[in-house]
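Multiple structures follow.
First chain A sits with chain B, and in the next complex the same chain sits with chain C.
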Partner chain A sequence: MKKIRTFINNSNLARFRFYFQIVAFILFVYGGYLSITISERLPVFACPFNKVSGGTCYLMPLQHQLHITLNRFASSGGLHLLKGFLIFAGLSLIFSKGWCGYICPLGTIQDWITKARKYLHISFATYDKTIFDHLKKIKYILLFLIILIPIGVKNSFVGLPVLPHDIFPPFCKICPGRILLPLFSGNTSQIYIDFSTKTAMFMTASGIIVAGIFITGAFVKKRFFCLFCPMAVLLFILSKVAFLRLNKDGAKCTRCGNCYRVCDVGIREIADDITNKNIVKDDCIMCFKCVEACPENKCLTVSFLRIPLFTSTETGFFKRYTRKSHTPPDSRSVK
Partner chain B sequence: MRSKAVFSIIIFFIFFLPEGSALENIWFSATPPDKISKKIHYGMHGQAYVKGEDGIGKKILWIRSGHFPVESPYADGASKKKPAFFILSPDKKIIKGELSHGLPGYYLTFEGNLEGFYNLYLIEKFVKKEILNIITAKTEVISHKCSRGHGGMKKKMAPKILKQAICFEILRKRIPGEDFHTFLSSGDKVTFKVFFNGTPLKDSKITFKTQKGWGKSLKTNINGEAVFQIIGDYYPDWKKLNQKKIHTFLITAEHTVKKTGTYKGIIYKQIHYTGTLKGCYIPSKALYSSSLHGFFLLIFIIITTGVFIYFHRTRRRKPFKEYTFNEKD
Partner chain C sequence: MKNNFPVNNRFKNIRESAKSSLLLEIEKSLKEIKETFPDNPEGMGYFYKKFSTVLEKTSGIYNGKDVIGIMCIQVPEELIYAVGATPVRICSGAYSMEQAGTELLSPKACPLIKSTMGSLHLNIFANGIEPLMIINPTTCDQKKKIGEIEGTSRIPFYTLELPPSKETEEARFYWQSVVKKLAKKLENVTGQKLTRKRLKKAISIVSLAQAQFRRFYNIRKKWPVILGKDAILVSNAYFFDDIISWTYRLSLLNDELDDRAMKKQYIVSKKAPRIFLTGSPSIFPNMKIPVLIEQLGGIIVAEEFCSSGRLLYDTVAVDEWSLYDMIPALADRYLKPCTCPSFTPNIDRERKILTMVKDFFADGVIYQSFTGCQLYHMEAKRVEKILEKYEIPMLYIETDYAADNTGQLTTRVEAFMELLQNKIT
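What follows is the complex of A and B.
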């Protein structure tokens, strides 16, 4: 048992993650070819606009289930909403934010774009703390709108007219997943601008613009879109009670800053916070690069149902970073 | 045993149909008459339904008679006996429904809560000019709620016929990739198959009519199939455009068999079968939408943001400067 644990702790998790992401991508983007439907309440961007998707992103049914009249919330509509959320919550509890780092097809695409940038020797961008703190609020605003707009399409508030139906489903209309994921199955039908109404034109054009920014953004900034992802908020809320956890022993932390340097999303607290045990933040994608990059024994630990799966060790750190093929942590100074 | 009993009842109805009101070329319509349209609710695919006193929604369809979807009057047979009807549920069972009469004609209501397509049939028989006319109106009514999930969709979507009871029937084959959320739209090529006594019928005349009355007639091929492309016939002003406007199409197939006999004491020398199938379609998804504009916008955004980032980085890059410190200072 001890040997297995040492083997895991010394292993190259980044490589495992790379292959795992490929398998997950095939499953979630092409699963439909094999008649696979994993779930319709998935905490990842498995886009239903991709006809051969192996499941459905939860944000789609969530918006549909909120697209009802207010009186229906107290009856069958409310029950369906609750049932849908419970399925989503059940799935989220298992892998927590690991869904983002290991499974989400949109995240995988961003990682592949990052690889392309590295190959071209173009440097990546970082946000300073003030901009980072401002930008991370966008995902909360998006989630608020995802909930509010579908209700507003069906219901009138304080005598105001209902929102135009062409705005619905609001997030799917602007989600880069709707544009990009069908392309992987040769489906270009989502790249269009609908001129039928002004609202439809605005929403479809916005979707294209967001997809364009997604591509350039992911090229210069690692996991660019994850900072704005409303799914990350839902997963973060549930991560407090999730089975998969990332814990930090602050007493063992020397604040070397390695963990922050390798963090794709740029979470500063991973290095600075030495008081909290649960170190998962709203932007964390649980890629566990921080655990790989930590040279302190048992400072950072990944656990599932409190059983340690992967722990930072000095030996593991040196083994990983002395491998010729492995790039050392990107040089980023802790400001 | 139970299925045999149901089958016997069906056969009884087929051969001892009550005297109808000689409704010619009848078909099902989901469009309510103007007088009562305010009482009607609309569900998936524009399916009309009414709410009973118990609050339970019942799907409702009206019977119309004629060859053109818009102009056909609501079939009125107030003084006559009701035509026979069947409702085939998605799990292939005959279920109950209610054929009522009210102003301005017959309407059929039923509870349909199973996932899939309900087949509705209405049969009219009468002898005219020594020809026994058997008219079978058919339509498919979808029942789906996303909250019930989408598992086994292919099976639930499969079209079906009621060969035990309906000798002449039209079937619409599903278009590739069709699911519960798919609307047929202008531009789609749709295949219809004609069955006679449960087997595909060759060389049957089949006619397709759009909402505005455009029509085309074909003969079915060796497999009993005919393919029609739904034409685009909706070009309103931009401001009046309703991309989700539901139009009706009507398929009529005919077949004649030389056979003598008597029906209700009246001699006939041949039997003329007419089958109708009502369907719906929406304007083309491509109407007023442009992939080219979308593609150019995508490329424009990628290039613009890329160039912006490049110049932003170039501007921030400070030229190399060598500073020399004189330690004596």
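What follows is the complex of A and C.
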């Protein structure tokens, strides 16, 4: 048991993650070919517009279930909504934000774009952090709108007219997943601008623009889109009670900032927070690169139902960081 | 190189006499370290020899590479290795050099500064090196000003602008740009290009040294198999030794210590008070306090000095192995975890001392502060307060490089040891 643990702690998690993501990508994007439907309440962007998707992203059914008149919330509609949410919550609880870092196809695509950039030795963009701190709030606004707009399409509030129907489903209309993921199965039908009404035109055009931003954003900044992802908010709320945890022992931390340095989404608290045990923040994608980069024994720990899975260790760190250097012991100084 | 440096007969005479008294000092200190203690590890032989021949100009050392002098631990050594040069730390612990330096500085200045000043002025360095440039980080006031004093040195100084705080993102980005500029400067000075491959190799060479250094500390954590005076010597040798041979020799020493630990061949009894040393750095030949502690029956289990414990502890983590990410990563490694008292606030130092005292099972802390070293003096109170909270006894010692006040020191350290002994039993 101890041997297995050392083996895992010394392992190269980044490589494991790379292959895991490929497998997950195949499963969730091409699962339909094998008639696999993992779930229809998935906490990842497995887009149903891609006909061979291996499941359905929860945001789609969520918007549909909210797309009802108010009185139905008290009856069957409410029940459906609740049931859907419970399935979603159950799935989220298992892997928590690990869904983002290891499974989400959109996340994987961004990581591949980053890999391509790394290969070309092109630098990522450095930016003013305060601006991003403001921009990141967009994901909360998006989630709010995802809930509000479908209700607003069916109901009128304080005498205001209902929202035009072709705004629905609002998030799917602007989601880059709708445009990009079907492309992987050769389906180009989603690349269009609907000129039939003003709203439709606005929404579909925004969709194309967002997809463009998604690709360029991923090229200049790691996991750019994840900072604006409304699913991340839902997962973050549930992560406080999830099975998969990322814990930090502040007493062991030297605040060297290695973890912050390698963090794709730039979470500063991972290095500076020495009081909180649960270190998962709203942007965290649980890729656990921080654990790999931490040279302090048992400072950062990934655990599942309180069983430690992967822990930061000194030997693991040096193994990973000196792996490629085979510097032989010096013989010329031996006399 | 500046040629207006006065090299007259007086200078030559002073230099010669300082050099001979330095030799005597080294011999005396080394003799004390070697001979007043029985059963020194065999692996220490290499390090003792390094120090006994420290002033000899060894041909072929550093493989004929250029040498860049560095002052504090905030200089990114990897960059220097990557441009095909070798960093040599020139901070001095010699009393004879201090006397030479006093001429140029206020008598109230810190002995480390005066000593370094003396060796710069007289151009006396380890291995007889001739540095192309001296990189001087703006740490404490005294250190950062010495490059400006007329007649300090014939070697050009490069001021590395260290931010006074390390907490903010602004400081971090500022420091990253300073390090980028240093990389350019090093390319100019050595005429070699900094490439991705070479920097990557440099990082891994230093990483290997760090791994051995941490292993050394882990051994000291668990078993009393090596005395602190030897441990300080080992880290002091890193200042001027070739990094690859140093790493190799330390790995041999580590193997030997592991072996000794297996055989339970302890260097002191398990009841000897375990001392944690912190404050102004002990640099050979100024080993007064460490030697005194261990002559009185204690064992130094760890030091939080910029000349030893802090020296090679912190690591570099790089996400993208290209220059654009490696250089900022290096910058971060030299800024963020650094517990130099020149940073304000510096809570990391208190935290580090506390964790180390706990991890190394230390019974008490001895805080060494050089006369005239403001920063360590000013932090002493805070450290004492926090240690008091956890009921860890601390002895504050103000000292300098002169060997004449040992009588009084002995009494104080002895009393402290007795206190610890009573606490243990």
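To be clear about the criterion, the second predicted complex is superposed on the first by the 322 of 335 C-alpha atoms of A that agree within 3 Å, B and C clash if a C-alpha of one lies under 4 Å from a C-alpha of the other, contacts with A are read in each partner's own complex, and residues count from 1 in each chain.
In this section, contacts are C-beta pairs under 8 Å (C-beta built on N, C-alpha and C of every residue); 3 or more make two chains touch, one makes a residue touch a chain.
Keep in mind it's a predicted model, so treat the numbers as computed, not measured.
**Student:** Determine, under the contact definition given at the top, whether A:156 touches first (chain B), second (chain C), both, or neither.
**Tutor:** A:156: touches no partner chain.
**Student:** Which partner does A:217 reach: the first (chain B), the second (chain C), both, or neither?
**Tutor:** Only chain B; A:217 stays clear of chain C.
**Student:** Quick one: classify A:204 as touching chain B (first), chain C (second), both or neither.
**Tutor:** A:204: touches chain B, not chain C.
**Student:** Let me test your reading of the model: by the given contact rule, A:196 touches which partner, first (chain B), second (chain C), both or neither?
**Tutor:** first
**Student:** Using the superposition on chain A described above, determine whether A:71 touches chain B (first), chain C (second), both, or neither.
**Tutor:** neither
**Student:** Quick one: is A:278 in contact with chain B, with chain C, with both, or with neither? Answer first, second, both or neither.
**Tutor:** Touch status of A:278: no partner.
**Student:** By the touch definition at the top of the document, which applies to A:83: first (chain B), second (chain C), both, or neither?
**Tutor:** So A:83 only meets chain B here.
**Student:** Across the two complexes, what residues of chain A are contacted by chain B and by chain C?
**Tutor:** After superposing on chain A, no chain A residue contacts both chain B and chain C.
**Student:** Mind listing the chain B positions that touch chain A in their complex?
**Tutor:** Touching chain A from chain B are residues 146-147, 149-151, 177, 238, 241, 243-244, 287-291, 293-295, 297-302, 305-306, 309.
**Student:** In the complex formed with chain C, which residues of chain A make contact?
**Tutor:** Touch residues, chain A against chain C: 118, 121, 123-124, 126, 129, 251-252, 254-259, 261-262, 268, 271, 274, 289, 293, 295, 314, 317-318, 321-322, 324-325, 327, 329-330, 332-333.
**Student:** Considering only the defined contacts, which chain A positions touch chain B in the complex?
**Tutor:** It is residues 37, 40, 51, 56, 61, 64-65, 76, 80, 83-84, 125, 165, 179, 188-189, 191-197, 200, 204-205, 208-209, 211-213, 215-217, 219-220 of chain A that touch chain B.
**Student:** Would you pull the chain C residues touching chain A in the complex into a rising list?
**Tutor:** Residue list for chain C touching chain A: 169, 173, 196, 200-201, 203-205, 207-208, 210-211, 214, 218, 242, 244-245, 247-249, 251, 313-320, 322, 324-325, 329, 332-333, 336-337, 348, 351-352, 355.
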